[in-house]
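Letters are used for the chains, namely A, B, C, D, E and F, taken in the order the chains are written, and counting of residues starts over at 1 for each.
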C-alpha cells in the first residue's frame, strides 16, 4: 500500500465567535480571533489517499484528477469566502481549523473513487498551526 | 553599509472593492477578491534597515528592538483586523498589497532611530505574490 | 479524534561528547560534532496533541494556550542555552536530538490538560534532520 | 522507540509512458507527462528509521552514516539520471513517483544495519505532490 | 514606485552539452549534468514588474493577469518540455539557468503592458541555486 | 549582466559579549544572547556573483566550483565551530551577524576568479533575521 498526497491552497475570512455567548465571553475565550469585523488566513490543505498502484500506469490514482476533485469539492466552496457566512457545510458550527478539517473530509469522502481510500486531511491555518483528521 | 532584515507576521481580512463603482464593475475588475463577505490572508512582512554597525555591539541596530518597533507600529494595527474597516492608515484607500506596503512604510518611517535608515518593505500576500516598496 | 500541532523555535549550543570516553574516541565517533568549544542549532519543535473538539469552541484545545505551555515548560529551559551545561532534564544524558526529543516529551506530559492527550514530538535539528517521539 | 529522518535530494528526467500502449493512449492518460522528449524534477527524499537510542551515543543511528547509505544506495543511482533509461531497479516498471518510492525502499532495506528498522520513505516529486511507502 | 512579484512553476528536462565539443570534453566540463540521457528540475520563476499603483484599483497591475501573461508566454513553452529539444527561444544556445533566465526576459518583455516595466527575473534551478537578470 | 547565487549551510555556537563591559552591562544590552555558556544557530549563507555568461558553457561561472570556493574559504572555517573562540577572521570583533557577513565577504573576495565579481552576501541567522552586505 502506498500513500499519495496533494497540496492545494485557499484564502478565506473567518472569526471565532459563539453566537450563544455574550460579546464579552467571546472576547475572553477567543481574544483577537473574535474580532467582529473578521480576520483571515492563507490555508494550505494536504489531502492523502492510499491504496495499491495500478501496474499499467504506476499510479495509485492520477494526481491531477485528485487535484480536480479537491478543487471542485472543497476549494471552490472555500476560496475567497467567509467561512462563517458563505459555506454551507460549516453552517451552525464553530469555524475552527478542527471543524474545518472534519468538514473537508466529509466533502471529499463521497467523491473518492473506488479502489482508493481517503487516508487523511492536514490543514495549515498558519505556518505554525495545523490540524490533522483521519476520519474517525 | 550593511542591511538588516526582520520578518514579522499578521493575519487579516480584506476585500478589493472600489465604493465609487457598481457591484458589477467591482466583480468584473476584482473577481472573487471582491466578495462582499471578505476573504483574508496570512501576511509575511520583511522590514529592511541599513547603516553601519556599532563597533561596541557589532549591531547595525538591535534586531529585537526592530521587532518591537514593527510590532508596536504595524502588527498591532493590522493583526486579526479587517484592513478595510479597522485600519486608520488605509482609510479611503484601496486595500491592495501595494497600498498596504506603502502604508506600512509610512507607519514605520517616523520610528526608525537616528543612525539607521529604513531601506525597504517586502510584503507577501500569499507565498506566490509579494510587493516591495523602497520609499520613493 | 483530531490532531492539533503547534510549532515553536529555540536556539541552543551543544556538543556530542561522552565524558566516559577519550577525546580521540569522541572525535572518532562524533567527528566535528565533538568540537570541545561547542556548536549550535536553530531547533524547530512541533508538538501534537489529540482528542475531540469541544462543540462550544470548535477547539480540541486553545492553540494559544498550547503555545504558552510549550514556551513555559520547554522553550524557557532551552532557548539561548547550552544543552550540555544549562538544562536540568538533560543532565547525565548525551545531548543527541533523540534524547532531546524524549526529554521534551517528559517535560510536557505532566502539563497537558485533562481531555486531551500528548500525541507526538517532532524536532528538527537542521532542515535535513529530524527526530519523532510518541511516548513509548 | 524514536524515529529519525534524513533528507537527501536528487534531480532526474523521466516520462510517463506505457510502451504497451499507443502514443495516443499515452497522451490521453498521461497528458504532458507523456512528452516523448522527457521532462524532469528536483526530488526530495525523506528516509525514516526507528529503534531505541544507544545510551553511549544518544543516537538511534549516526545520521551522517544514514546519509551515506542513502547516497550510496539510492542517490548515486538516480541523481542526474533518466529514470526510464538509466536505472536498473526501475527496468520494466512505470516511472511513477509511487513506483520510485517502492523501489527506493527495496534498495535501502538490505543496507539498514542490525538494531534499527527502516520505517518509511517520503518522496516529493514537486512541492505539491508526495508519496509515502512503509514497506507493506 | 512599487515592485510586484509573481511566482510560477515549471518542470523540464535538459542537459548541459556543447555540440561543438567531444563527449569527453563535455563530461570534463559539465560532469553529470552532461548525461546524454538528460536530467531535470522543478524550476521556480519569480517575475517582478515596477511602476505606480492605479488609485482606482490600488494595483500596480492585476497580479492574476500578470500570472496569465507568464503562463501564456513562458510556462506554456517550458513546462514538461525538454529545454534542449522543444524550446524555440533556446535553439542554438547552451541550456544553462543563466541563458534560460535571459530567454524568459526576452519572451516576457514585449507582453508587459504600457504603464508598467519589467524589472527582473529570478529563476531557481534547485532550492540551492538561482539566477537573476534585470535586462541589461 | 546576470547574477548567480549559491546557498551553503553551517552550524555554529556563539555569544554576544563585549569583553570590555561588565557582565551586567552585557546582559542588559544583549539579553539572553549574552549567555556565557553560549547558544547557536543553523546559518544559511547565500553568495551572489555577477558578470556575463560564457557562450561556450552558458555559465557565468560553474556553480559547483562556486560551491567549492565557499566551502573551502568559509564553511570549513565556521561549520561546527565556536565563532568567538575558533575563527581567526572574527578575532577581536563582536560576533554579530553583521560582522560575520562582512567577514565572509572578506574571506571570499580574494578567491573570486577573474571575469566575475562578488556581488553580495546574504546571511540568515534564523528564518526571521538576515543580514546583507555588498562590499562597501
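Observations
We take it that contacts are C-beta pairs under 8 Å (C-beta built on N, C-alpha and C of every residue); 3 or more make two chains touch, one makes a residue touch a chain.
No experiment lies behind these values; they were computed from the predicted model shown.
Within the contact network of the assembly, the step distance from chain B to chain C comes to 2. Greatest Cα centroid separation from chain E: this falls to C. Annotation: the chain B:chain E pair of sequence copies touches via predominantly different residues, less than half of the used numbers being shared. Over half of the residue-numbered contact pairs of D-E are shared by just one pair in B-E, B-F or A-B, which is A-B. Of all chains, D has its CA centroid at the greatest distance from the CA centroid of chain B. Once the centre of each chain is set as its mean CA position, chain A and chain E turn out to be 34 Å apart.
Distance between chain centres (mean CA atoms), chain E to chain F: 29 Å. Annotation: 41 Å between the Cα-based centres of chain A and chain F. Residue positions of chain B with contacts to 2 or more other chains are 127.
Chains that are in contact with each other form these pairs: A-B, A-C, A-D, B-E, B-F, C-D, C-F, D-E, E-F.
Looking at the complex, you find that chain B touches chain A at residues 9, 11-14, 32-33, 35, 37-42, 79-82, 85-86, 126-127. Across the interface of their complex, chain E is touched by residues 16, 18, 20-21, 29-31, 93-99, 101-102, 127-134, 136 of chain B. Across the interface of their complex, chain C is touched by residues 1-8, 48, 53, 55-60, 62-64 of chain D.
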